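What follows is a set of structures for review.
Two complexes follow with chain A in common, the first pairing it with chain B and the second with chain C.
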Partner chain A sequence: MMKTLFRILAALVLLAALAVAGIILIPVQRTPPSEALAAGWTPAPGAGEYAMRAGDCLACHTADGGADFAGGRAIESPMGRIWTANITPDPETGIGNWSLDQFRAALIDGLRADGAHLYPAMPYENFRMLTERDIRALYGYFMEEVAPVRNPVPEPELPFPFNQRWGIRVLNWLTLNHDSGFTGTMGDPALDRGQYLAEGPGHCAACHSPRTVYMGQDGITADDPAFLTGGHIESWEAPPLRGPQSVLREWPVSELAALLATGRNFRTTANGEMRLVVEHSLQYLSQDDIIALSRFLKALDGQPHDPPEAVAPMGPAALMPPEADAAGAATEALLSAVSPDMPLGARLYVDNCAACHFSTGRGSPEIFPALQGNSLVVSDEITPLISIILDGAEVPGTAARPMPLVMQGYAGRLDDAEIAELASFLRRAWGNDAAPVSADEVARIRREDRPQTR
Partner chain B sequence: MARQDPKKDVVIVGLGWTGAILGMELAEEGLEILALERGPGRETVPELRYPEMIDELSYGERHKLMLSPRQSTVTIRRNLQETARPMRKWGSFLLGNGVGGSGVHWNGQTWRPQPVEMQLRSHIRENWGEEIIPEDMTIGDYPVTYDELEPCFDRFERVAGISGIAGNINGEIREGGNPFEGRRSRDYPMPPLPLTWNGVKFSEAARAMGYHPFPRPGGNASTSYVNEYGMQMGACNFCGFCERYGCYQYSKSSPQTTILAALFRKPNFSHRSGAEVLRVEMAPDRRSATGVTWFDEEAGEEVFQPADIVILAAYQIENTRLMLLSGIGEPYDPVSGTGTTGKNYAYQITGSTSLFFRDEHFNPFVGSGVNGACIDDFGMNAIDFGAEGFIGGAYISSAQTNGQPIRSMPLPDDTPQWGAGWKSAIAEWYGHEMSISHHGSVMSYRGHYCDLDPTYRDRHGRPLMRITFNWHPNELRLNDFLRGKIETLAAAMQPDLVSHSYKEEGAQYDVRPYQTTHNTGGTIMAATPEGGPLNRYLQAWDKHNVFAMGAGAFVQNTQYNPTGLVGGLAYWAADAIRRQYLPNPGPLV
Partner chain C sequence: MSAPPPHQALRPARRRFLQVSAASLAFAGLWPGSPEGQTLPPLTEHPREFFTEGEWAFVLAAVARLIPTGGDGPGAIEARVPVFIDRELAGDFGTAANWYMEGPHDAGAPPELGWQSPLSPARLWRQGIAAFDDWCRAEHGSAFADLVPAIQDQALTALEDAEVPLPPELRDFFEVMLANTKEGYLSDPIHGGNHGMRAWVHIGFPGARAQYRDWIGRHNVPYPLGPVSISGERA
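Now for the complex of A and B:
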């Protein structure tokens, strides 16, 4: 009896060992090109840089103050800290010795040139949809147009078992089983272009789709029901881009396009990671592409998606701030009365915030974001809201809206209890309905490393 | 031996309104441009940020945004016999400093001159004859007409984001606007701001007397605004911290909110702060400039910056001084009346009546720089100079710009200046006062001028600018006339108490109390080289590649705040440089 049990156990251990050995030792497969391009095919001038912008390679692969694409930016993954790779053509510390096939495999299979697996902070699940044309253009760009920079990047700081790169192979069996390349399903060339930008290079799903239990993206393409229904990135909530909870439902295509191209629109401004996406990627896309992307997102949600004539047209234009609506009337009345015995949170709002965001809580178009119905204000993730009150916020200047919009921080002016009162007020004002914030929570966020908001 | 930097196509001296305008216009031609700014760099955040900016002691009283007199100041005298003394604390006017210049710390009040003000001597000759012009009055016609400048005024108002309501669109008089203004090709780009209670009361009283009240136009945004560069303003909240302050919330028209971030994106434009220009350097034949020498604050050394075109875009006082220091135009001599550089310095005359109402609450802390109702029924084009015995005009307004506690505590006459009596008067009257004031023209005179001070020098050893100016009986008669109109209006409003602040007959210029930073003339534009150092395109007659912007070009001052005309002339000159000078460099007239 004991002997039989032992034999079964031994067989299981052997099988497991064989499986692990297989996972580690069986050579990885590199997915072939999704399109066979004619011999002598070359990308149009500038196509590689444009694809780099669309893929937002620069933002992650450049450290603060570091050389472009030389890597070394820390990514706080759920498993630990990872440093982004040097993707300049430096032969020793970058990708200068990589072949086209090795480069493609990094993008669509998540494989390093040596066959080791990349951590899924690299959005290869999404880049798997890149066209072969864009991959070739990118390869040409990185090899020929980017200056080589010698910059060794440290290994990730991950605990066991996450420091075993072979484990990712198992993950990829679960997550990376979709076809490479892109085929549009929207039935309209412009919408298909938008779909490509969203699914592929734009890798919107990396933040805006939920995650499965094994950390893969739950919703990679337009066909997936969970695609872009909201997710998280570090301590930020990446709001849903479709469905009844999506603020995009209230935005015409032109305003969605304005936010993407300039980081600001009639209601809100881009914060957190999205601010960086606007700064490094979206502001460089053509007007046609921004419109295509915006229309696709609206069409995906079954909303009207007629194309606007222009994205963030230049002025002169006078844009009237909105009046308070029914949901905001009571709060506006409270703030306008400025009674000496008004609650502390409301008083702090009058003294510190109302100048720009107004007693209506609806701000002023394209410059002061509305706080009423603002997904960041009412999010369960309170760290971004508290961080912005402490440190301020900044929307970068873009070609169409050159002025950086900067909100100063209040860390030196308000204490933890005051910020808790103020934040709790914001989360209940003008019809907002979110749980209060405690002084202890503010103290914790003030004490700890918090996300950069400017 | 001065350092020499690589040559530029254009060097701009000063990065305020006109430096920013010329920078943008010429950058669009693809020229390589360097702007040199004497003061520090300034952005809305951090330099102008809330709440640090609304510190009345630092900024209102101690002039933290202004030029430090220790770095450079002016000397003042009232006539040729006096010895000028340096101003060691700003008073009558405030000289700006730093990126954005005076465009950072102004109120925003923006007007166009009247067409008759541009052709004033002709207007007088045709209606009354030149014999009514006092012998020592050196007024003239501007060598450019209102109609020629109209597109330039319009452009400036659209770039700068001006709120207001037009009273005259292509000759059609419109209800609610100023019916006495020159024709506009279209309305202001933003509607006017709402009036505070003083403005409502004033408007009612003025209307009842048959006058034509309208909200003051200016650069405080009434809505969100986007201009032609995509630059932006947000709606003003009437915080009451405009003049002497930078706007912490992007609501005031300034180079920062309307031009600079767009300009700084241009790869062919660069600028340096902490860069004081010492003089314009000349070619051996002295018929053109070769560039400028400036002091690099950071490196602590002089630098020669070669350039094909020199744009003087500093304030009126520094532009005049640089021209005198560099030998641009002949220095003006008030005795012989010869020479042109420094000629026709002028200013603004103001006076006001305070009205105290026990039962009214004006909430003076609710204010903005342009807030106020105005009437222009006593403007230049509405006054019979022959019958009244003076040449001039004014607009009358009831402003409410701020209720700041140190400097804005108007109290009835005979109130003690300190102590218990003062305290109880504050308790009794704060918030119960409104004022009505006039803003009048000042003509040019033979003895009012700018030259280099014979004694006082700046830290670089350069003579300070000396200003010789005094009140002339002509302006004091205008002031007296306006006082009568205001007192009648005030009496009709039946206040409980009034107090008056007007210059009396024989009054002399007092540099201590703040009046206006509307210093004009010194580098006037003229139809001939004998009339002024600049031609009608603001080009130096004797140095074809030097252009001087700003209110120094005003032949005589107008009855309005100067920035509208300054902005219009900048676009006028920029257009001439772009369309005429660049293809064919040389004298444009």
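Now for the complex of A and C:
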């Protein structure tokens, strides 16, 4: 009896070992091109750089103060720290020796030239939807238009088993089983273009879709029900872009387009990671592409999506801030009465915030974001809100709106208990309904490494 | 005294000085906390940046006569005005660090021609105190700080009325002393004076709030809220 059991166990162990050996040793497969291009096909001048902007390669593959695309930027993954790769054409430390097939496989299969698996911080799940034309244009751009920079990048700092790259192979079997290339499903060329930008190069789902238990994106294409229903990036909440919880429902296409192209619109500003997406990627897209992307996001949610005539047109020099609405009237009355007996959180708002965000909590168009109904203010992730109160915020200037928007930090002016009172006030004011923040939580965020907010 | 007030010419430079000191304070981690959390030493034991011990006694005595204790609002001593003056003179204002000081200096020049002493404000104070104390000893028998308040008032009045013989470069000593005292009384507490914002409470100034938009249309209604300082103190 014991002997039989032992034999079964031994067989199981052998099977497991064989499976692991198979996972490690069976050669990886590279997905072939999704489209056969004519022999003499070449990308239009500038197409490669444009695709790079649409894919936002620069933001991740450039370290602070480092050379463009030379890598070395730290990415804080849930499992540990990863450094982005040098994607300049330097033959030793970059991708100078990579063939087109190897380059394509990095984008759509998550494979290095040597066949090792890339960590999924590289959004190959999304880049898998890139057209062969864009892949070829990108290859030409990186090989011929980017200057080679010698910059060795450290190996990831990951604990076992996450430091075993072969393990990603198993993850990819679970997450990377969608077709490569792009097929529009919106039934309209402009909307299909928007769909392509969102699903493929824009890799919106990498942050704005939830994650599965295997840490893959839950919702990669427009026909996935969870696509863009909200996710997380580091300590930031990436708000839902569709559904009843989405603030986009209250924005016309023109205002969504303004936020994407300039980082600001009639209600809010782009903060956190989105600020960088606007700065490095979206502001470089054409008006047509920004409108297509905005229309697609509205159409995806079943909302009206008539195209505006232009993105962020020059309007009147001064826009009047909105009056308080019914939900905000009681808070506005409290704040504008300025009674010496007002609660401490409200008093701190009057003393520190109201000059810009106003007693209405609705700010001012294109300059001061509204705090009423602001997804960052009421998020369960309180780190961004507290970090912005401590350190301030900055929205970069863009070609269409050159003025950067800067908020000062209050780390020196408010102590932990005061920030807790203020944040708790904001999360209940003007109809906001979110849990209070404690001084201990503020103290922890003040102590720890915080996300960069400006 | 018909001396021209030199201060119109000084304002921009002083503002810069104040900004610089606020920034350096913040940088040095000396940003003051709330007034109730502070236990400050009495002024006589305050660690000074500029004044000597004898000069400090003069400053405490002089500002106490310019804005006396026991009036409707705080006196200059409760407002810790001497701390402000000490810091002010130790900084760029005191050394006239970024003023044109090459001359010519003409004590008879009209006020719009600005500072007419070859002395920096710090040296003006230092030499002014020495000269005025000498005069007090000769005229009243002891240094200013040791006189009784009534005699101190007489001496200050004489100084204001140019009845104290001073060399031309010290001509504006009284004007500068009075102006610096007012500044210490009314400026933001981050600069050392206006302690607890008591001077602002006294005059009804609500401080560094920058949020009165809701009150633009409310005429003849008293504004109910007390002041806030640059560092966030509330009163």
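As a convention for this text, the second predicted complex is superposed on the first by the 450 of 454 C-alpha atoms of A that agree within 3 Å, B and C clash if a C-alpha of one lies under 4 Å from a C-alpha of the other, contacts with A are read in each partner's own complex, and residues count from 1 in each chain.
The criterion applied here is as follows: contacts are C-beta pairs under 8 Å (C-beta built on N, C-alpha and C of every residue); 3 or more make two chains touch, one makes a residue touch a chain.
As the structure is a prediction and not an experimental result, all values here were calculated from the model.
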(message) Which partner chains sit in contact with A:364 here, chain B, chain C, both or neither? Use first/second/both/neither.
(response) first
(request) Using the touch definition from the top, say if A:35 reaches chain B (first), chain C (second), both or neither. (result) neither
(request) Please work out whether A:350 is in contact with chain B alone, chain C alone, both, or neither, and reply first, second, both or neither. (result) second
(request) Tell me which partner A:336 touches in the superposition: chain B (first), chain C (second), both or neither. (result) second
(message) After the superposition on A, what does A:414 contact: first (chain B), second (chain C), both or neither?
(response) second
(request) Check whether chain B or chain C contacts more residues of chain A in the superposed model. (result) B
(message) According to the stated criteria, A:319 is in contact with first (chain B), second (chain C), both, or neither; which is it?
(response) first
(request) Report, in rising order, the residues of chain A that make contact with chain B in one complex and with chain C in the other. (result) 352, 354-355, 358, 413
(request) Quick one: which bits of chain B touch chain A in the complex? Just the residue numbers, please. (result) 43-46, 49-51, 158, 161, 189-191, 222-235, 237, 239, 248-250, 257, 261-262, 264-265
(request) Can you check the complex and tell me which residues of chain C touch chain A? (result) 26, 31, 33, 209-211, 213-215, 223-226, 228, 230-232, 234
(message) Show me the residue ranges of chain A that touch chain B in the complex, using the header's touch definition.
(response) 262, 312, 314-321, 352, 354-356, 358, 364-368, 392, 397, 399-408, 413
(request) Using the touch definition up top, name the residues of chain A that touch chain C in the complex. (result) 335-340, 347, 350-352, 354-355, 358-359, 410, 412-415, 418
